[in-house]
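Starting off with a structure, shown below.
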């Protein structure tokens, strides 16, 4: 504690050098924490899938729809409380590049199954009462500047190409789980069927009465439809979600590799700074030793100095990232729902900053430890 | 009067540790930059290479990918009958109607992927560019057989010649492997149209692709097809269509490259600034001597800028060197635009290596500017006293 | 009993494989309260001898006993601790830390003790008072003249009340007037505060301020 003034004085020896190094570390930690958060977001997205909901889709791939007739039989499967279905609409609002997810669902059975879609009761009522109504996530409302009860037009990449369908926004939802995403668009399956004349369910969702029954329910359903025109593949919603995430491929590896490169690049910058600053001070360090500062104490002082630079830089970078992403509501253009810098990530970032300090300070600290006193002083005189 | 370059070179050698650490730091930034650009280019190359400028691909009007398109048999026949469709050596029109679906297959590594299953007639090998069977044989008509693209073979199970893959509730025998010049076709499974239609969506193709008799007449061909009220189609040059399919992901990768490399560059620039300030500070007496001898301040400044650039070039070369092992590494991801899995390789080209060096030089110039200016502005008298 | 006893001291430097002997068989005895000047031609080893006495370096053979401690036998760590309590060193080129104020420079040796902040303040201000620089406590070395810097150096040397004050050419870099002030100060420390001082110097007039003068020439020490 009492050495703090000495450390601080040394840091301010060259304000420019200290500040630039801190900013470099800040930049690196900003990047590091952002990359890591992409990974945690993807990981969390796997968790959105519930273990008590199951998804049945075509065994060929999600791209193939299932017959409406399946609804009746699925309700009879032991262990299944309720059944609903959803269909991918591929909705586009004006610019196809502005991606968001659109689902046509059987609302009466779907909404009770998804408490994550939370909205005021009167909005829910209004939605259910109107065929061309839509439930829109709060984030999406903000993104496009829509307002409640507004009628907007969407095109579909799948149905009636080129034709714009009107939808009236009767409800705005907030997700109870951020990873569910606040940029989804739901409307009535009946409306889809009415306007397209050939829509079919994309996949069925079932609410289990007992999560333990998941495996047997899946087997029962898939066995039943095995030899039919549309064979099925049933799994928990969590497994279904995870499947989508793995479609990203080796993102994890790539991001970690970049993270490593970032770490080492900045390590070199910080180490270089420490060494430059140490080189200028050998005489002073000899004086301190002469006064009785032990070798070990000098080692600790240099290490601490390095650590202060990297930790302050680290805090700046991590805080900057957290602030930026929290305020901007960034969600990776719809591909990273619930993106945020978690506290655990921030802590990992700070640990990295400390590590950076320790490693970059090591060589100069070691040199200070080993510095021979009289030879160094002699050099000057 | 120019300060000789050898002065800078020797000065750098006198501070080897400082020079090297700065250069390596920059090199790592360049490495990340090159790697991400190589990723983006590899992806784009795989898709862009897929299409020929001599071919036209026809989809249902308003379709943004092959998946959502639908073309009936009648429409396909009408298109084949147009005069602008080129004829093959056997006199038959070079037209390839194709079924296009996605099937879910398990990767040998983690997870599942949506793989393209494309239905073809034998003409496909003539129409589509650069595709040829490299192992095994062509499909026999009427048999539940499939051809597997080269990049699928290594990444999915049961893809050897003679193996059976199960999808759409039946077993399909792998009878051949095909290559397609590195294009996205290599990430696909091909089967006979007549076999795929009943298995998947029934009596409908997704696309019709044909060779133009006169490629320069594309515009009129396009208006003929799109203007025909019987057809309700969109027609694009095959090359443009596949290039467009890569647009979204390419953009994302490019953005990520610039974002990541940009932030790292800030860190590296700050490092360069510190290094150069230290250099200028340490050589203050030498600078005084140079100024006393009559070298102009501008020469001093350019000399230090040159020195910063030298460190940067070293960094750029190192970064390029580090990036070489990445070249050719195959990775795969889902092209969210077409929803299908595509395998592609990192592409480190000489052009990219060159850009890496330029990127480094820019970092060096920005980092070296203020220190170099300080050297030039140094008051001669003060410096002389320090000697 | 003598405060400082040097017995059969020798120092040899090794450079590459060459041996460079500085001196051999040196004996010296200093009583408490003495003010001793050490003179000799360049390269005679006076600074080396001073450094050995200060515990900054280890002799090749021999003993150096200060009070009850044979410092020639101590480890580096022990020497560091010993120095902080027993030695106040004054340099020719002052060797103040440029990033610290005069106050902070003088405070440095006290950071190694267990004194509280307030106690440290008392000692520092006292030391600054002795050298007459209390009004410059918050100045940085670059804001002080050569003579003032050396006075800060002296304050630092006495602040922890060490057993020995060792000075290596303390006036070597000063003009005549400042040198005069410094030497008067050292004399005062010796006479008023009974500090034992060993001073290496070139300057005969400086040497004359002490009680006794010793000469070190070609490895031989004579009074």
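By letter and in written order, the chains are A, B and C; residue numbering begins at 1 in each of them.
Keep in mind that, in the parts below, a contact is a pair of C-beta atoms (placed from the backbone, for glycine too) under 8 Å apart; a residue touches a chain by one contact, two chains touch by 3 or more.
The structure displayed is predicted, hence computed values, not measured ones.
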| item | value |
| --- | --- |
| Chain-level touch network, classified as line, ring, star, complete or other | line |
| Identifier of the chain whose CA centre is least distant from the whole-structure CA centre | A |
| Where chain B and chain C are represented by their mean Cα positions, the distance between them in whole Å | 71 |
| Centre distance in Å when chain A and chain C are each reduced to the mean of their C-alpha atoms | 64 |
| Geometric centre distance via CA averages, chain B-chain A, whole Å | 25 |
| Chain A partner contacts - residues on chain B that touch it in the complex | 17-18, 21-22, 24-25, 28-29, 31-32, 35-36, 39, 60-65, 67-68, 101-104, 107, 110-114, 167-169, 200-201, 248, 252, 260, 263-264, 266-268, 270-271, 273-275, 277-278, 331-334, 336, 339, 341 |
| Residues of chain A defined as touching chain C within the complex | 2-3, 5-6, 9-10, 12-13, 283-284, 287-296, 373-374, 377-378, 380-381 |
| Residues of chain C defined as touching chain A within the complex | 47-48, 51, 54, 56-57, 76-77, 80-85, 87, 89, 91-93, 95, 97-100, 104, 108-109, 111-112, 117, 156, 168 |
| Residue ranges of chain A in contact with chain B within the complex | 14, 16-17, 20-21, 23-25, 27-28, 30-31, 35, 59-64, 90, 96-97, 155, 157-158, 160-162, 226-227, 231, 233, 242-243, 245-251, 254, 257-258, 261-262, 264-266, 268-269, 271-273, 275-276, 333, 335 |
